[in-house]
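Shared chain: subunit A. Partners: subunit B in the first complex, subunit C in the second.
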Partner chain A sequence: MTTSITESRVSRKAARPSGAPGGRRPKKLGRYFAMSPGLLFLAALSLYPTLYSLVVSFTRWNLSSGEAARFVGVDNFVGLLTDGLFWNSVRVTLVFVFFSVLIELALSFGLALLFFRGFPGDKLLRALIMMPMLCAPVVVGLLARFSLEPTYGIVNQLMRSIGLPTTEFLGNVDLALPTLIAIDVWQWTPFLFLILLAAMQGLPEEVIEASKIDGASWPRIIWHQFLPLLRYPILVGVLLRLIDSFRVYDIVYMTTRGGPVDATSTMSWQIYNVGFRAFNISYAAAFSWLLLLLVLLAANSLMRRMVARS
Partner chain B sequence: MKKETNMKVSQKRTAKLRIGALGVITAAAVALSGCAAGAPQNESGKKTLNAIFLPADWGKVVQEKLAPEYEKETGVKVNVELVGRDAIHEKMATLFAGQDSSYDIFNVDYNWIPEFGKGGHLVPLDNAIQDKEDFLPLSLKVATWDNKLLGIPQTVHPATLWYNSALYGDQSMKDQYQAETGRALAVPKTMDEWLTQVKFFNGKTFKGQKLSGWAAQAAKGFGNVHTWLSFAYSFGCNPFNADFTKSTLTTPECIGATERWSEMMKYMPAGANDFTYDSVTTAAQQGSIATAIQWSWGQTATDNPSASKTVGDWQMTTIPTGPTGISSAHLAEWVISVSKYSKNTEEATKFAVWLESKKNDVLQANNGGGDPVRASSYSDPTLTEQKIEGNGAARFRRLPTTLEAMKTAQPRPFFPGEESWETALSTELSAISLGQRGVQEGLSRANDAIDKNLSQ
Partner chain C sequence: MSVAHRRSINWNVGVRAAVAVICTFLFIAPVLWMVTTAFKTGNQAFSGEIHWFFTPTLENFNEVLGGTRLTYALINSLQVSVISSVVAILLASGIAYPLARHEFRGRDQIAGTILSLRIVPPIVTIIPLFLVMRTIGLNGSLLSIIILHVFMNLPLAVWLLRGFYEDVPKEIEEAGAIDGLGNIGIFFRMVLPLAMPGVASTALLCFVFSWNEFLFASVLSNAGSQTVTVALTQYVTPVGTEWTLIMAAGTVVAVPVWLAALAAQKYLVRGLSLGAVK
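Showing the complex of A and B:
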């Protein structure tokens, strides 16, 4: 078998025209030449800054000081690992990511099941459900800030009208992070819903029918048929949301600015504070690399688990 | 046949190469146009300046009135971009790091003067102003770093104590206060008197509004620090040693000030821990607070009939004195600075100086652009004789208080690491006001965090 494959490769190679004008080298060169603008852009806008930030993370450099960066080895990383604010931001970020993605997944799965079979008016409702996702996170943050304001905000006015007490959603240490999670869930559940609904509608009808004929109840069909068959769409959706949730910044900026105290100080917010308020750009670069590592670790472990189970 | 195929292949390859070359040329063109975007533009030989101002009233006045006026007078076009506070700070640092000449003039919060002054990014303007003696001395002091004037003061806002004069003049309130405290209701002179009044007013109803004792900026970030500073300075607290090498937040004066501030936080409206300048303004406009610590120029908003129920009612006095008899407000001020990397430093300097001529200082104040920086403007009849339409109250009745407050006001700690200092202190003040930490514990933690920052 191995011999036949090798032979076929050799024969295909031999069959290719060599030398000009049909030669392989000029053709390859042409391709690279055509790709060069894209590659150049990629290198200039993504690769170079990424590598540069790695270099900066090993220096001491304050952007506003006017002084040149100087090499300090791993000082920034050591400083971070012994910094209480760093560990607090890791904790806040992990709590935010875990709960927001979990709730979004559960809600979107439920919604997709609801819309899977269709019902009168489902198209209109589906369009309405999509709307939060179409808003910019900054706008969502601003809306949340106004709506949740204790004295004049609409949410508290409604709560008072039914006899509930005024609640400081964004100013209370215990409520601020759950409130941000709720805002994120409101905005991004439609995204997972869209992925899951599309995947559900692509499931083979015969499988469901066969299960029904075998006497399986809906919960059993969902558990034993839907979930295994939807594993990969779920994986893709969760991965995208996971990565997006790790870098949550906009709604924090627009609503709590990391407060009250440091209850909503996520890693991205802390990086902004260090990098663009204190201009300690080297410390912020090291911080960003640790965030990247954390995202990679989380994404990788999730993928491994899913692949291993399949 | 084979020849034809070869020709087709060759033509295809040529077409691909052309597309590739076009792509490279387009990329290069886009990149070059991006580089060129920052260069100063000339419109038929006209000089052009690019400026960034805060989107507050004083920035809008420059954009809408003064820049077009300057162009008429001199032929120099000034493009004014309005950008939020944080974004100005970020832009300045990044542009200066790249020695970028895209912008000639920046509207600068004075606490950035040490930071960018130390980096040598701003043009000294000492010789540009001929009548320095007319400027309020403190306004020039906080625009100076290392004995160089690095910004021309544009507007000052010392914190002042606001009180609702309708409430203080109400006979029923006066009688109740007399009955409850045994004293006549009068504008508070000391922190103790003020606390008594705040407790008295809190929860009372006036003109259909349930009152809170007072309000002030209290949000984490900078708001709570700015309010706290007026307490701190009036209690004789100095947050640093003389050369800014050690945080001194745990002195008895600082602890006393923080305890008082923390106690008074209980008498602010619901959600006060999140209060910004706008929240305080809204509460004052609605008449739902009895007193406030607020920037002086905010009176423009409470006197706006289309947004306020309390037009003409709010009066001001200086911050009440602390236990040592000191009244010292926290100073807010914005200045106009010229970038060292500007290709038009001379023209930019001329424009900055022109913006703060005697005439324009009054014009800016008259258009809602904050309080004047020149002493002469405080007695200018254009301002002092102006009345609120349909109300009769003096539109600039705050000016004598502003002038008085400017004599004893103090800036935020004036050193290059001020923004980091605010961030560290703000977090702990937030914890104290929310009851997460005691005063001493919070201040002690803030001390440690600030000292750690200073050592880096």
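Showing the complex of A and C:
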């Protein structure tokens, strides 16, 4: 399947210019043979569709009309840039991504600090705290609707019990997006928490020892010793959350359907609407390219650092 | 002095534990509420008060699982998740093992490119792939969903498996070569068994992501090939007080994932962070 290690050590020792051992080429071929099915599969499902999508985005093509696609140049992109719903979805997405990732990072860092010095039962709590992020977002959406339901929902019941008024969280134009952010924070803070906790537990012994001395130096230790050493895990965690929150769709589908009045119409949701409900597939393709550019813009530098580190 | 010091540490541990219990409760309370509601009768659930203690009933589960759309969807999801995970592991191993073992030109580029596929939002992927599936007549089939789930899980699987294969000591392969095993024999009979805990955890993670996936499945499925997440959308506009049923359905969909995560717990963080945190 691949070059055996004995072989490669021998070949490393062997004087390179005098020619590689005869057995090397077939082994090398074996390596590519092993990699080829996976790589071909990935290429087939990414390169061709990407180009196809790009071509489609320069056409006018509505799947419901039965007419063939017609080349229209940059019409779709011009249309998008003057489309209020497009800009609305960009704003909604950026607000959602920014606040959910920021809040998740802050909360999970605090939680990880709370857990990492250990206490009886911490392993059990750590296992339990994972439950939200393991629920399918679709299940979380249903649960959120039930929890926030005005009459029977647990949130409104608790609010009433301390004298607060019954609130329609998902049906209120001003509250719907913050509520979606809260749902995302609830589901995904444990994810960043687990990553940060594991990273903190892997810190060098001296740093951990220093942190155990209680006193006023705590914030300084965190700032000067923890943060620099935790930069890479934070980078990876934030990158993954960033990528995933840009695609938020399931929760929107199950709770607000983009409403009320487009207040929660994220880009993924809007593209789905345009492409698979209005069947304006060419407009949706152009739209999705702009989403991809936005995600690349946001994630690219982080991604490069992650690849460089590994 | 030392006694006072120790006492302050104990006190700290107690406070930390208490705060941690409260925080954990905030995160799991909705889930607990979902599971408990699933075991309640309508009267218990909709009395306007929160009952944490009650006589549980299996009525909701009987109704949800008794030959409804969800039952068929569970079977579909099981097929999609298991097959797509196994295929993803096989394809990913072919890529990951050479990446883990050999330095060759373009290695980092291949690894980086595969990882960068993880950035692409699924809505971007699904538009052209929906058109392709429609053209070749695969849309509406379980196969089309399986293909997309393999595609979705491959970058994750490659990155994780690469790390797990790197962890296998190289001496094992030398021993295998001395025993006269070929490269395929060395991989399947010596490397794979040693890397098995990691490989199995990777497969479980792929299973979880496939099981929970919604967008691809909703675009590509028809009435007969719905997965569990798609079948749950029937509850999106609840009629009256169906909530006990809905929470039972949600619990049924969530339980396999909790079990899978429990089984993969040791490598869960490593898996979720794409191998970045061990």
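Basically, the second predicted complex is superposed on the first by the 257 of 310 C-alpha atoms of A that agree within 3 Å, B and C clash if a C-alpha of one lies under 4 Å from a C-alpha of the other, contacts with A are read in each partner's own complex, and residues count from 1 in each chain.
Everything that follows uses one rule, which is that contacts are C-beta pairs under 8 Å (C-beta built on N, C-alpha and C of every residue); 3 or more make two chains touch, one makes a residue touch a chain.
Quick caveat, the model's predicted, so the values are computed rather than measured.
In the superposition on chain A, A:I129 makes contact with subunit C only, not with subunit B. In the superposition on chain A, A:L240 makes contact with subunit C only, not with subunit B. Applying the stated contact rule after C-alpha superposition, one finds that A:G30 touches each of subunit B and subunit C.
Of the two partner chains placed by superposition, A:F96 touches none, neither subunit B nor subunit C.
With both complexes placed on chain A, subunit A has more residues touched by C than by the other of subunit B and subunit C.
Judged by the touch definition given at the top, the superposed model places A:Y52 against subunit C, while subunit B stays out of reach. Contact with subunit B, but none with subunit C, is seen for A:F279 once the two complexes are overlaid on the shared chain.
Contacts of A:F109 after superposition: neither subunit B nor subunit C is touched. By the touch criterion stated above, A:Y152 is placed in contact with subunit B and with subunit C alike.
Applying the stated contact rule after C-alpha superposition, one finds that A:G171 touches subunit B and leaves subunit C untouched.
Subunit A uses residues 27, 30-31, 34-38, 41, 149, 151-152, 276 to touch subunit B in one structure and subunit C in the other. By the touch rule above, subunit A contacts subunit C in their complex via residues 1-8, 27-28, 30-31, 34-39, 41-42, 45-46, 48-50, 52-53, 56, 111, 114-115, 117, 119-122, 125, 127-132, 134-139, 142-147, 149, 151-152, 154, 157-158, 186, 189-191, 194-195, 197-199, 202, 214, 232-233, 236-237, 240, 243, 246-247, 249-250, 253-254, 267-268, 271-272, 275-276, 281, 284-285, 288-289, 291-292, 295-296, 299, 303, 306-307, 309-310.
On the subunit A side of its complex with subunit B, the touching residues are 21-22, 26-27, 30-31, 33-38, 40-41, 44, 63-67, 79, 149-152, 166, 168, 170-173, 256-262, 273, 276-280. Touching subunit A in their complex are the following residues of subunit B: 6, 9-10, 13, 16-17, 19-21, 23-24, 26-27, 31, 86, 89-90, 92-94, 96-97, 115-116, 118-121, 219-221, 269-274, 279, 282-283, 288, 416-417, 419-420, 423, 427, 430-431, 434, 436, 453, 456. Residues 8-9, 12-14, 16-17, 19-21, 23-24, 27-31, 33-34, 37, 45-46, 48-50, 91-92, 94-95, 97-98, 101-102, 104, 108, 110-112, 114-125, 127-132, 147-148, 150-151, 154-155, 158, 170, 173-174, 176-177, 182-184, 186-187, 208, 211-212, 214-215, 218-219, 228-229, 232-233, 235-236, 238, 241, 243, 246-247, 249-250, 253-254, 257-258, 261-262, 265, 268-270, 272-278 of subunit C touch subunit A in their complex.
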